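The structures considered in this document are given below.
Presented sequentially are two complexes of chain A, the first with chain B as partner and the second with chain C.
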Partner chain A sequence: MKNTSEIIEYCQELYEDIDFTATRKWKDADPARKVVGYMPVYVPRELMHAGGILSLGILGGGDSMEVIHGDAYYQSYICRIPRSTIELAVTKRLDFVDGMLFPSICDVIRNLSGMWKLLMPDVYVRYFDTPQNFISGIGGDYYVNELRELKEGLEGIIGREITDDQIRNSIAVYNENRRLVNAVYDFRTAEPWKAPSWEVYLLMRAGMVLPVEEHSQLMSDYLAAAVSEDKPMRDNCRIILQGSFCEQPPLNLIKSIELSGCYIVDDDYMLVTRWLLEDVPTDGDPLVNLSEAFIKHSGETAAKYVPDAADKGKFLINAVKDKAAEGVIFAAPSFCDPALLDRPMMAGALSRTDIPYISFKYAENSGQMQPIREQAGTFADTIKLWSEAS
Partner chain B sequence: MSPADINEDVIKESSMLKQKEMISANYEKLTSAPETGQKVASTYVPGNLNELIMCFDMLNNLPEINAIQNGMRKQSGAMIQDAEKMGHSEDVCTYVKADIGNMAKGAIAPNGKPMPVPDLLMLSYTGCFTFLKWFELLRDQYGCRTAMLHVPYEGDGVITANMRDYVVKQLKEEVIPTFEEVSGVKFDIDRLRENLKNSAKAEEDFVWVLESAKNKPSPIDAYFGGVYYVGPIFTAFRGTTDAIDYYKILRGEIEQRIASGQGPITPEGEMKEEKYRLVVEGPPNWTSFREFWKMFYDEGAVVVSSTYTKVGGVYDYDGFRHDPDNPLESLADYCLGCYTNRNLPMRVDMIEKAMEEYQADGFLINSIKSCNSFSAGQLMMMREVENRTGKPAAFIETDLVDPRYFSPANVKNRLESYFQMIDQKRAGGSPSRAA
Partner chain C sequence: MTITAGIDVGTGAVKTVVFDVQDGGAGEIKWLSRQTEKIRQRDPHRLAREAFDNALEEAGVTQEDVAYIATTGEAESLDFTTGHFYSMTTHARGGIYLEPRAGAILDVGALHGRAIIIDERGKVLNYRMTSQCASGSGQFLENIARYLGITQEEIGGLSKVADAPEKVSSICAVLSETDVINMVSRQVSTPNILKGIHLSMAGRLVKLLRAIKMKEGTVLMTGGLALDTGLLAALNEEMIGQKVSVEALSHKDSIYAGAIGAAIWGAFRHEKLAKIGALPLAS
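After this line comes the complex of A and B, so read on.
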């Protein structure tokens, strides 16, 4: 059995490989294989899987990639993920990708979908517009048709039909994957010293580039190993990290937060892995099931409308309670409209519930960790003082 | 967009006076709503449902217009800073912050009276994601009834049956019942048809006005002047007979200008020589609007077509008109077709077509720091248009209502070198981009 270090070492290799060698290898093994890329926050990967397509999660170029061309595409006041994603494209690092999905998360990703169409006219490009109306007969029906259109687009890529049974089977595969993702998260919540956040992060990142079955296996192996490994428990406070659902922070930032005295007991990285909060039924109409799961049982993030004002922020507050967190760190990418516009409302909800929080901004290539470490360290100290005083 | 009250000395034509009267009367109605009992809906310009709102005897208050008004009065800077002090990020849309800062000050209308608290927040969410968040922020402040209309994006540059059905269903099952409840007025589809008929009439003349810029010299400036011309059709007057009258008067005035070979009117009188014909992409800067405009007319530059005049509805490019025979479908198509709800390739096509039809000498982008909806992708759009048309393009950066991001010297320099570039191109030289 592999130990956690070996597993995480492998995940880190995948994470650092901005040429996507593992995915390329998978594709090269069979000329019929296809890859479809997607950006945050959510796409129904079940549909790609049902067509035998590998879904490749694209989260920008990270801090190791030098952006040379990307800056010619974006003004300085736009976040970094689209420019490093463009950089990946123009440097041909995504030349093996047969299609790209751009979820409806913000205007930057939205407009990037059009840029992709201009840049790569031969690639299947879809702006994936999920409903903001959460009534089955309205938003649900619309979404079923969106899923149908996406399915047809994918069928165009693979040159054959995707059957309902194939989708049902893929739903089951992803249900299993989500159960494991949740198991890893729950394990970290219970014993955060045994599953450091940077490890959990890398483990989830692996799911962006590997076939889902391999990712599930990796998580099982990690859990099995982590349970039996002994790691020292620190006197850290427990925080939830919020706002990092799209452009990713450098790995060092996650490590810095932990080193400064905070256990991250929940976060919103790679929400695609746990966006659906319940298993999707494997019987009946699979597109209706996926639609209903989205409409009725999906997570909350800045990109999703909350119809009832009284519910705004509840998801986060419930997470604080469920995970026994002591505070929230808002960590949002610079110039990220959804995260930064949402923050005052979420902060307001926290204040009303006496949950402490701090906020800072980052970019995927932020180099200076000292200020963040200091801010998080002070936050941790303050929380400890409060809890000792009360 | 329609700040006729501060425009008095700019254009003293009867169309302007008419618009000024309309706006003043509307502000009077809005600010006296607490006494008259008339209900108020707050909604946004792109995708506004004015014809429908009027069916419920409700008034229409538009937060962007208030932000513009405060920008032109040079009050938005302080409001934005207040909002930032309240915890709003320096990175986000300044319209939102100007609005929130204004609310914190008690939201005073241009007539000096307080704006009423809306009875309904009507979010027709089209062309810009920020609206959704802005709306949630307003809801947080007001705590009033809300109705939401999600308008899908034309990702593939087409309106599909699924998109249209979705919007119509929301109108029928969510939006209209909410309006009925809030207003106490029963929905009458014939009333809606009547309003839409009025809209279509005004839209005919509005398109004629925009297309008058195909003349040489152009009798209008379709950007700096255009922001006044779009006023009624973009805001609380679409669907009214007032709007029909306004565009009729405006058309008459422009017909006269064409007949006598006159160029556009500027704040300093009539523009003399038309030297450069430009197509402009992006909203203008409001805090230094006059100064900005002067940089153009001083050099003899006229904007013959602008994308900003399509943000509250596209009527010229593919001939859309509100259609009384298909009332709800037509409202859906209107919302779906607003400029920033169309994908980037389509925006490029629209600009390319305008460059050709309006015989433009160049293409200019005024990129707005805080508006991702417009700005993300504009550098690529510039290169595409340049490649396709062979005409020189330039890029300047300002902001809508945050005076900190309007640097006059920079903008002026860039414009001057751009005009030189156009001259060079005319003289047969190859242009290098002024970006």
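After this line comes the complex of A and C, so read on.
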């Protein structure tokens, strides 16, 4: 049995490889194989899987890639993920990708989908517009139609029909994957010293580039190893990290927060892995089932509208209670409109329930961690020394 | 009896203390041992382990006797500790332990200076710190001493006998060094150069105190430069010059303030966690 260090070392190799070698290898193994990339926050990966397509999560270029061309495409007040994603494209790192999905996160990503069409006229590109109305007969019907159009687009890539049975089978595969993702998250919530957040992060990042079955096996192996390994518990406070659902922070930022005295017991990294909160039924119309799961049983983030203002922030407050968290750290990318516009509302909801929080910004290539260590460190001290609850 | 240890890994030195703390810091606090090791290009983490072992031996206890091993400074990633506290938090608590009258702490270390307003419990109320540049810091002073061919121990005494000090740039270490080179070439005496540097550093530190509205009372110097008598004298001169009714003090154990604070907060946390049955185990 592999230990956690070996598993995480493998995940880190995948994470650092901005040429996506593992995915390329998967594709090269069979000329009929296709790869479709997707941006955060959520796409129904089940549909790609049903067509035998590998879905590739594109989360920008990270802190190891120098952005040269990408800066020419965007104004200086735009976040970094679209620049580095463009850089990945124009440097041919995504030349093996047969299609790209751009979910409705924000205007910048929508514009990126347009640029992609111009840059790569031969690649299937879709702006995947998820519903912001959560009534089954309105938003649900609309979303079923979106799913159907996406399915037809994917069928165009593979040159054959994707059957309902294939989708049902893929739904089951992803139900299992989500169960394992949730099991890893639950394990970290219960014993965060045994599953450091930077390890969990790398484990989830591996799921962006590997076939889902391999990722499930990897998580299963990690859980088995982590449970049996003895790691010392530290006197850290328990916090939830919010705002990092799109552009990713550098790995050092996650490590810095933990080193500063905070156990991250929940986060919003790679929400695609656990966006749906319950298993999707594997009988009946699979597109309707996927739609209903999105409409009725999906997570909450800044990119999703909350119809009743009174409910804004409840998801986060419930997470704080469920995870026995002692505070929230809002860590959002610079110039991220959804996260930064959402923050005052979320912060207000936390204030009204006496949940402490701090806020800071980062970019995927942030290199200076001292200010973050100072903020996270003093926040942890405040909770540990002066909070009544702690 | 709650035995706790505090380990402060700074830029220039590792400081370790072992305490016997009653009632989470509210009762008697008995100092059992202390260790200081200059880092001098050695691995600070290995040094911290050695200093900790030596401190345990001096205190006559074993690691198993220690209820809480607390770190501060750059010691977050030490693998044998119970918890970590940020350095501002620990200097505040260590400062109030050393000088209960202190209303503020001036933590002047190798790379920065920081003014911290505290209350009587050692809670941080406000702070300001110098910017990234090493000018006005211990590292800068250490470099200048080396250029001038004197030991660090001689700095304070020489500074106090200056008769015509000239200030240097307190913003940029490169400019300050240029100032010093000019002074040497103009045959300005070593005491006057050192006093000029001290006055420049002091001026910057007093500005930090004014920025956090420390207008009267007592401020305790902590950190690596706390025992520099020349800097202390210059600070009190600058207080008068900038019309601030604050007395700057130092303590013979000021350099341990971070480690002391860590150890006392460790005891506090130990008691708090014991009450709710959530004690972590130091490895």
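Methods note: the second predicted complex is superposed on the first by the 386 of 390 C-alpha atoms of A that agree within 3 Å, B and C clash if a C-alpha of one lies under 4 Å from a C-alpha of the other, contacts with A are read in each partner's own complex, and residues count from 1 in each chain.
Following the convention adopted for this analysis, contacts are C-beta pairs under 8 Å (C-beta built on N, C-alpha and C of every residue); 3 or more make two chains touch, one makes a residue touch a chain.
Since the structure is predicted, the reported quantities are computational estimates derived from the model, not experimental observations.
Asker: Put chain B and chain C onto chain A via the superposition and say whether they clash or fit.
Answerer: fit
Asker: Name the contact category of A:Tyr74: first (chain B only), second (chain C only), both, or neither.
Answerer: The first partner, chain B, only.
Asker: Quick one: classify A:Tyr305 as touching chain B (first), chain C (second), both or neither.
Answerer: first
Asker: Looking at A:Leu118 after the superposition, I want to know if it touches chain B, chain C, both of them or none. Which is it: first, second, both, neither?
Answerer: First partner only.
Asker: Using the superposition on chain A described above, determine whether A:Gly139 touches chain B (first), chain C (second), both, or neither.
Answerer: In the superposition, A:Gly139 touches chain B alone.
Asker: Could you look at A:Cys106 and tell me whether it touches chain B, chain C, both or neither (first, second, both, neither)?
Answerer: first
Asker: Nearest 10 degrees is fine: what angle do the Cα centroids of chain B and chain C make about that of chain A?
Answerer: One gets 100 degrees for this angle.
Asker: Considering only touches as defined above, state whether A:Ile317 meets chain B (first), chain C (second), both or neither.
Answerer: neither
Asker: May I ask you to name which of chain B and chain C touches more residues of chain A?
Answerer: Partner touching more chain A residues in the overlay: B.
Asker: Report for A:Leu385: first if it touches chain B alone, second if chain C alone, otherwise both or neither.
Answerer: Touch status of A:Leu385: second partner only.
Asker: Please provide the least distance in Å between a C-alpha atom of chain B and a C-alpha atom of chain C in the combined superposition.
Answerer: 19
Asker: Which bits of chain A are touching chain C when the two form their complex?
Answerer: Contacts found on chain A: 232-236, 259-261, 373-374, 377-378, 380-381, 384-386, 390.
Asker: Which of the residues in chain B end up touching chain A in this complex?
Answerer: Of all residues in chain B, those touching chain A are 86-89, 91-93, 96, 125, 128-130, 132-134, 136-137, 139-140, 143, 146, 148, 150, 152-153, 155-156, 160, 162-163, 165-166, 169-170, 173-174, 340, 343-348, 367, 369-370, 372-373, 375-380, 384, 397.
Asker: Name, in rising order, each residue of chain C that touches chain A in their complex.
Answerer: Per the touch definition, chain C meets chain A at residues 68, 76-77, 79, 81-86, 88-89, 123-124, 265, 268-269, 272-273, 280-283.
Asker: Which residues of chain A touch chain B once you look at their complex with the stated criterion?
Answerer: 72-75, 77-78, 82, 102, 104-108, 110-115, 117-119, 126-129, 131-133, 135, 137-139, 141-142, 145-146, 149, 302-303, 305-307, 309, 312, 334-338, 340-345, 347-348, 361
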